[in-house]
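Next up, some structures in structure tokens.
Here subunit A shows up in two complexes: once beside subunit B, once beside subunit C.
After this line comes the complex of A and B, so read on.
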């Protein structure tokens, strides 16, 4: 049983992976697993989002269906069929 | 309403009614940050007839501000931003009251800054200060209009205590000390979205940008709106 997941990228990430993609993933995938897969496919995305040690960089915003994963289970948050993921870097200037 | 005001605000009274215009006149708004966003929002709100604007910023005008902060001119360099902005806004609309407070926004000053205020416009340049505004907004049940920019990118959302999540539900913060690139046109887009939201919330018209995040991508020439949901365990707005 595969899940259909939509990934929407914003700002710098959009320039690397495009505006939006749909992926078919195995049912047990977490958001961390999905981002690792994307990092394999797009090394520039990995450099933008992860430290050389493989940790998610500070201040990056990842939403699943409008909720920041910092308040879910972070990178261990499981995905469900139909989830919409948004990836965006900190935008902080005034 | 005077003949002068009926004429002055004619194009928007058509939209908002005299009652809506009166709501703007009675409103007291804190514009937190008088930079790229704050100058746009303050000018928009002053021109629209928002009756009281309190501007808070501790910076002085610098040459590098002038690519985007149109309220200031080269001969303002070195002056307090709030003072220069007050003068310019007064010229734009002598009928409104503008109060400039040249102070850092921190845990000590925030209570005075939000005193007798109906709505906060977040036009800051860092999340540490935004989180101070956020906490003040939610503890006093004040709507807050968030905006932020970087380069050709920008974002905005409207926070209403009791109805939406807060900034700390959505954003982790930002790295300290980074000089953030900004183009004036991006401030124009986001600052104007913030001014629109302010006018909508103050007059009760339209559909505010609540529980949603507007994301502007000037490189792509595209705006996108995504869901932004409250964190039920948030220590600021979740009650737990």
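After this line comes the complex of A and C, so read on.
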């Protein structure tokens, strides 16, 4: 059983992976697994998002259906069919 | 004195007298400058109960001790007065180069009193201070005024002026400097208009003295490096400007839509920073000594909305965009240009149009009220026409010129106004973000985001990530951010330096500039003192705890669609703790002990 996941990229990340993509993923995939796959496909995205040690860089925000994964289970957060992932580099304003 | 000049101007526009007065050192240390110092003088010299447009109100332009030094982004000054939009103490901050020029001319502050019998402008060039006739300038837009005054004085002069909106005392008229920078909120431009003061032009050739140039330079280098190393302060704001927030707020479900009837706008991306960078951006623009450059020099080529200028910032893009149900970036940008040219606050302007659209859609007003215009959400032409009518003082625009609260109240429905203390809230939905709701409700000048920007931890994850949906810990968070900002606004620094600098860095910069040992604790205490002083002014003006509230819509009507569907703000869970932590009683009044502790 495959899940349909939508990935939206913002700010600088759009230059790397485009504005939006839909992916079919195996049911047991986590957000960490998805980002690892994307990192394999887009090495520049991995460089932008992760340290050489594989840690998420500071001030990067990853939302699943509007919830920051920091308030879910971080990289271990499981994905569900229909989820919308939003990837934000460090941004600010006011 | 170091950092401060130690001298300020007191000008009576009625009699035409100009006095130079010394700034007491103990007062400077107690309130720093800008917002803090201005509020002190308002509190001691003005009856808080007066009509803001009465000549007894004062208008204070004040810089801080760091303003004009080469500290990073040390450009800010504040305009302090009693604000006509809502009767609270108003302090509106702006960048550009006006603040540094004022100090180079030899002044920390200008206190303007009384009212001129005819239109005038001030020309300040070092020791020379002249009150000049402005009859020929009255009616001119901001760019026209700026150009004419520079031609008549000095091409290097910084000009802070009002446009036609300030002359007509539109209650949210602003004061523009360098054409594109604004002391934007609370209607300080209307106070300037009520005094028949069109502009202040200033040129200074002096400098700001610091006690040890090398030590100060070393501190500046360290602070600049911290901002540059910060991925937001160093790169993010320059690349996409503040408008990049449109998408992150929308993806969170916290982008107020159609006058806060919803918190999600499916077409948001069309008015976001990414679209702006691709379609309209000429180049990023910074203020004096800025290493961030959040400003946007833009150009619209679409013939229908053609123009060139500054903006839009995030709040502006939201106010004329999603808040009005509009996704046309060209129109949004053109509306921004009109506001800049006429001197109007874009947040209140856009929100007032959104409020009118809401009233129209619900049948409370009709085309008979709106000069025949179908004021429906998403109607681009209607939005543009309303901005124009307000700018020109025509028809329904005269009602919009009073802001959304008076507009909605005049039709018997003040609940349609999305305001706190009668000032329009900015672009963050408190139903999706609990802490910012508490900040709006307790804001000393009403709905405002730049005096307690909890969006930073609650949405952007800086300096730490805090869950926007929980209320626990938010009262303490709000207080910290409010106090930090009050001290920062009074120091002369730009708020965006806090994307990289903390209170300890700002205290270190202040110490190096002034030669005083200002600790982090003292810096934060100065902020708390200013916040409480503003509170005291408002209480004396007649406000009370009953004014510390959100529009009922935000606590009772859940968000309808998007990721935050079903959420409301839970202000009642936070407000009592906020009062307690502030050292206020249950009626929201600072206790004697609190005032004693703060030296008030």
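General observations
Operating definition for what follows: the second predicted complex is superposed on the first by the 92 of 94 C-alpha atoms of A that agree within 3 Å, B and C clash if a C-alpha of one lies under 4 Å from a C-alpha of the other, contacts with A are read in each partner's own complex, and residues count from 1 in each chain.
Rule of thumb we're sticking to: a contact is a pair of C-beta atoms (placed from the backbone, for glycine too) under 8 Å apart; a residue touches a chain by one contact, two chains touch by 3 or more.
As the structure is a prediction and not an experimental result, all values here were calculated from the model.
After superposition onto subunit A, partners subunit B and subunit C are found to clash with each other.
In the superposed model, A:70 lies in contact with both subunit B and subunit C.
Contact with both subunit B and subunit C is seen for A:11 once the two complexes are overlaid on the shared chain. In the overlay built on the shared chain, the residue A:59 is in contact with subunit B and with subunit C. Clashing C-alpha atoms with subunit B appear in a single stretch of subunit C, chosen from 6-14, 402-410 or 510-518: 402-410.
Counting contacts by the rule stated earlier, residues 8, 10-11, 14, 19, 58-61, 63, 65-68, 70-71, 84, 86, 88-94 of subunit A appear in both its interface with subunit B and its interface with subunit C. Within the complex formed with subunit A, the subunit B residues making contact are 33, 35-38, 123-127, 147-150, 153-155, 169-175, 178, 180-182, 187, 211, 215, 217, 219-220, 222, 224, 226-229, 231, 233-234.
Residues 230-233, 235-237, 239-245, 247-248, 251-253, 269, 273-274, 294, 313-315, 449-450, 453, 455-456, 459-462, 465, 467, 469, 495-496, 499, 562-564 of subunit C are the ones touching subunit A in the complex. The part of subunit A that touches subunit B in the complex is made up of residues 8, 10-11, 14-15, 19, 58-61, 63, 65-68, 70-71, 84, 86, 88-94. Within the complex formed with subunit C, the residues of subunit A that make contact are 8, 10-12, 14, 19, 57-61, 63, 65-68, 70-71, 84, 86, 88-94.
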